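Okay, so subunit A shows up in both of these, paired with subunit B first and subunit C after.
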Partner chain A sequence: MTLTSLAFRNFGRNRFRAFLTVAAVAVSIVAFLLLRTVVWAWASGAEWSAKDRIVTRHKVTFVIWLPKHYIDIVRQAPHIKTATWATWFGAKDPKREHEFFTSLAVDPATYFDVYNEVDVAPEALETWKHDRQGAIVGDALAKKLGWKVGDRITLKSGIFPGDWAFNIDAIYTARAKSVDRSTLLFSWTYLNESLRDRQRDMIGWMVSRVDDPAHVAEIGVALDKRFEDLDTPTLSQDEGTFNASFLAMFSAILGALDIISAVILGIMTLIVGNTIAMGVRERTQEFGVLRAIGFMPGHIAFWIVVEAMVMALVGGLVGVAVAFPFINYGVGRFIEENMGSMFPYFRLETANIVLALVVSALLGAVASGIPAMRASRTRVIDAVRRVA
Partner chain B sequence: MTDDTNRAGGHAAPAEGKAPIVQLRSVSKTYTRGEEAVHVLDGLDFDVEAGSFEALMGPSGSGKTTLLNLIAGLDRPTSGSVEVVGKRLDGLGEGALAKWRSSTIGFVFQSFNLLPVLTALENVELPLLLTHLGSAERKTRARTALRIVGLEDRVQHFPRQLSGGQEQRVAIARAIVNDPTILVADEPTGDLDRKSADDVLGLLETLNKELGKTVLMVTHDPAAAERAKIIRRLDKGRLAS
Partner chain C sequence: MVPIAYNVRSLAVRKATTAATAGGIALVVFVVAASLMLGAGIKKTLGSAARPDGVIVLRMGSDSEFGSVVDESNVPLILAAPGVAHDARGKPVGAREIVVVAAMDKLGTTGVTNVTLRGVDEDVMSFRPEVHIVAGRVPRPGSDEALVGARIRGRIRGLDVGQTFDLKKNRPATVVGVFEAGGSAYESEVWVDREAVRQAYNRSGMVSTVRVHLESPSKFDAFRAGVENDKRLGLQALRESDFYEQQSEGITTFVSLLGNTVAVFFALGAMIGAMITMYAAVASRQREIGTLRALGFSRTSILVSFVTESVLLAAAGGIVGCAASLSMGLVHFSMINFSSWSEMVFSFDPTPSVLFKALAFACGMGLFGGILPAARAARTSPLQAIRG
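The block that comes next holds the complex of A and B.
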């Protein structure tokens, strides 16, 4: 037996109360981890972005299209290894209109040269490249909507009227966490040919790979210079900045999630503090006896703080044990399949687990601060007098 | 064995020729309750000789527990001096006092106050955590203390598995495990039936006679006081007899 083991033993003293407190902490930690994973998954899209990719869009917004011949100018610019383009299509499955997924009209010949972190079977890719109505879809989307190679599907678009028929030629998988596995890609030519004359030969944005990632910002500025005197000026950003600017639109939401996380931890601290305060009050006589036989105020404070830390840490461990399967095998998969464009990889990260456990233990210590201080400051005689 | 003379009237000073182990001189203790000052002890002189077994009796509020607390180093006098086992306590700091208590005083309380999460052996071992003894030596000493109180077959029992009398004997084992010079017992039989009370008092007698422990016991129970060598009576903060 040691002073520390004595503190551990005290944890299970009132088992029902300890169970309720541990359960409350565990629920708090599950909620905390879920929110942290949302924030982390959202923000890490920018971190995972390719360092050698530049996105060029209209200077005002990527909703405004660019002339298609811009891609030729980009391809001729110095330091550009390869370039492709895409246009937002806004597809919906008429049978399941509430299911959101990203759909892009792209250049089949070059798209996967620029996005080479995607795996597609070579034969299937070749089929798609030569199929005017061919579509290639992410494995998560195919699984969600029940599509398989060889299927003929009809979609609608929120932007382009009419029925759009596609052949599922290939299913891609991801080699990187940043890849959205819920996207549908099809040939831009199919879209372009279906548009009225005045809408033709326009593209949404361009994406290039450069040969000098260290100077990607300067290369982007040089690209924009080429277009500044034309009718449609551009803004070129490295992919990380582009993703971050997209995320900036949601910064208020991320901030709100952080505040909610703090509130949850605050509630958790109050619950632990209340449990510890009750236990300490009930044991005032016992602390008096311990002080009488020679233990110091620091020993009393130590026991109370360690007991609270153990209680909060056990709650944290239970919370992690529940959150891990809940996020990684439940809600995480659901989010990746249904909100893959925003959360391509929604999993519980080790860093967040460590953070949750450290925060649990620290807040346990904080929660016990006042009870520990009061118990250790109680005069021996006042505590013992309750016995005598 | 009892001292008829002392029991009949009570003496403030020990028998001539024996050095007092406890010496209180002009000790006063005043508590403040709200704005009212309560004088619990009033200029008390009090000596106890080594190896004595004394019972302190008196009505509630007479100051007997306060006197015991001063002798045990749990409280400080408002004025006067308290010297126990050759040490002036009224000048010691909190830390020094705690250290002194752990090595000199053994406490027995009315409601036992064993830690419910610890076995009998671990409860007895508890005061030894403040020493530099190793785990094995601590356990050996705790077992010895439990054997002295007759509970060597209950070492792994938790307090809830023991009777009240057994719990109090474990508490006594905890009190003697550090080999203290003085045992202070505040109503040690107050929560026990007659049979268990007799066992505990017999144990205190044994510790006094065979191990030479000085025992100071506060009690309301005349039958318990009869087991002491000396009975002191306090009334309104003074020795009444």
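The block that comes next holds the complex of A and C.
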């Protein structure tokens, strides 16, 4: 019998306790993975963003629109391949006011040239481009609100008064993780024609693609320079920076989630440590005998540490096995459908699984540190004499 | 009944195990109490901006101040509506304000956030008597001088006494003072002269909202009828308390959803931890239990005794966790409020009901974690146990 196999055998000594400990570790790992996935799905939006896209908005605030002729200036600027614009509409379904979704008034002719990571049937797209009241919606949103192609719907807006009627012309699906599948897009012309004079011919922001992704920052600065001397100055950022700065608004929440996931690991360590300490205490005499027949303190410590690591790792594996279907087929689906604007892609990531397993094994070792040290230091004579 | 002192001493004997288990529960209670405190803090922050006789008038369908537009020409009609209080000189007590958001650099992280900019009347301090200056001075009327709320001060670049920020291009505003407003949402805002905001943000002929004070809170229905009955105005009147309730809805839902999810997982983990400890306690005290049974203590008293022990253990952890969570009272939590998309600073509010709930939560974990081990203890046969 090798040293390691002895450690494994000890694992099965108090089966019920081992089972409970594994369960506790598994629960902690599920919670840890859930929190990690929230943070990861939130934060990685910036990484998925297209490297060659620039967002140009008003320098001070997104509340102020830009004059529409700005788009022509952008289109003529060097290194700009194609450009489009959008205006935030703030639509609400009057029947389901609490369902938030993104709705934008866009330029149908160019919008999908700039955002080309969506899939939409070409005929449906053509219909939409020529329908003044046409709307194109993401598949997740269509499913949630029960819309089908051909439906006529009436929405309200938090910004623009009155009833707004739309024809659902097309439904798009995502080809990239970064695409929010719950957005509604419709023609900016429809919005513009309904506005009063002084709100006319204004656009929310512009998005363009550049031919030289490596120099996207410089191209943005050059764009802003062109608008600096005009009445409305702009701020251009590449999509990654734009998303990252958006993320900064939530940095406190992300920080709190990180703290909470550290706390759950702390609880897990305490539980494993407690189990190991109890097992060690009950076996003090045995260790005394082993020491008496010639095993070194290092052997004793080795057994205890390996036992703890194995227990924690088994718990981690069970946790991953539970978390995988739980996140990918349960919560994740729900979140993608209901909070798609924030979490377009909410799945368990391999890196997080590896992290969870490594962390559980390491914390098992940490948890067994004190019991292992104590047990290996106990003098043979005390150990053999001791009453548990 | 078995005296409680027996349980207390039993816990005291196994110091390490008791500490580890109670420590785990303390961590759980800490997180749960902190999330409840944040929920209470959000309610308080958004709720304390409301006064019982205060009413806010917005454009019909707007769900935030900055999405609302009220025509200047309608303001006299609103102020003339029935129920509006009048001051000593016979003027109606009301304030028209322009509320916008500006993107500003968040200190301590890379990124911008949206800060609420409120264009206020000269006599804003008498309209909101709870507001007082804690540093610097009151702005000169009609100037580009600004006041910042105490909570947002120092969190954003440019928002401290003597510093400047851009209202628009080439139009800097100088911060001359800092105000407190009873811990309310106003403390996360920047206040500037209304006409300065009007010019900078191009809002001629319109304001965002009109606020009035009523002669008494009971006059609300009459006032609302006066404002809302004229459909051409397209306005809605809300009690300030209802308006702020609406404003806090999204974020309180988010915090409680997150808090509850975390609480469920943590509770499961900590309960299993308590179970492990209690099973071990029962197993190692077989003889004691047998003796107690032989002495004539009933199965029920053994059951009650062990459940009590488990609850005591959990309560000890709960008290430590609650005590630790009180320290969160010093922390301010800065995040985006979902309904206004602007930065708001919340505090953790340790109300008695929050602490009571957290403690009850801990006792519940002890109760449910202890019941199975206690049942095993109660099943102990005195004869077998004593024979060992």
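The definition used in the following text is that the second predicted complex is superposed on the first by the 384 of 388 C-alpha atoms of A that agree within 3 Å, B and C clash if a C-alpha of one lies under 4 Å from a C-alpha of the other, contacts with A are read in each partner's own complex, and residues count from 1 in each chain.
Operating definition for what follows: a residue touches a chain if its C-beta (ideal position, glycine included) is under 8 Å from a C-beta of that chain, and two chains touch if they have at least 3 such contacts.
What you see is a predicted model; the values in this text were computed from it and never measured.
Contacts of A:Lys129 after superposition on the shared chain: neither subunit B nor subunit C is touched. Legend: residue contacts after superposition of the two complexes on their common chain; A:Ile293 is shown touching subunit B, with no touch to subunit C. Touch criterion not met for A:Lys68: it reaches neither subunit B nor subunit C. Comparing subunit C and subunit B on the residues of subunit A they touch gives the larger count to C. Using the contact criterion defined above for the overlaid structures, shared-chain residue A:Arg333 touches neither subunit B nor subunit C, since it reaches no partner. Of the two partner chains, subunit C is the only one that A:Ala31 touches; subunit B does not reach it. Legend: residue contacts after superposition of the two complexes on their common chain; A:Ile381 is shown touching subunit B, with no touch to subunit C. When the shared chain is aligned, subunit C comes close enough to touch A:Met249, but subunit B does not. Look at A:Lys156: by the touch rule set out above, it reaches subunit C but stays clear of subunit B.
Where the contact sets of subunit A with subunit B and with subunit C meet, they give residues 388. Listed in rising order, the residues of subunit C touching subunit A in the complex are 16-17, 20-21, 23-24, 27-28, 30-31, 59-64, 66-67, 100-103, 106, 109-114, 166-169, 201-202, 234, 261-262, 265-266, 268-270, 272-273, 275-277, 279-280, 284, 333-336, 343.
Interface of subunit A with subunit C (complex): residues 16-17, 20-21, 23-24, 27-28, 30-31, 34-35, 59-64, 90, 156-159, 161, 233, 235, 244-253, 256, 260, 263-264, 266-268, 270-271, 273-275, 277-278, 282, 388.
Residue ranges on subunit B touching subunit A, taken from their complex, read 65, 69, 72, 74-75, 94-95, 98-99, 101-103, 107, 109-111, 113, 115-118, 122, 125-127, 129-130, 135, 174, 186-187, 218. For subunit A in complex with subunit B, the touching residues are 1-3, 6, 9-10, 12-13, 285-286, 289-297, 380-381, 384-385, 387-388.
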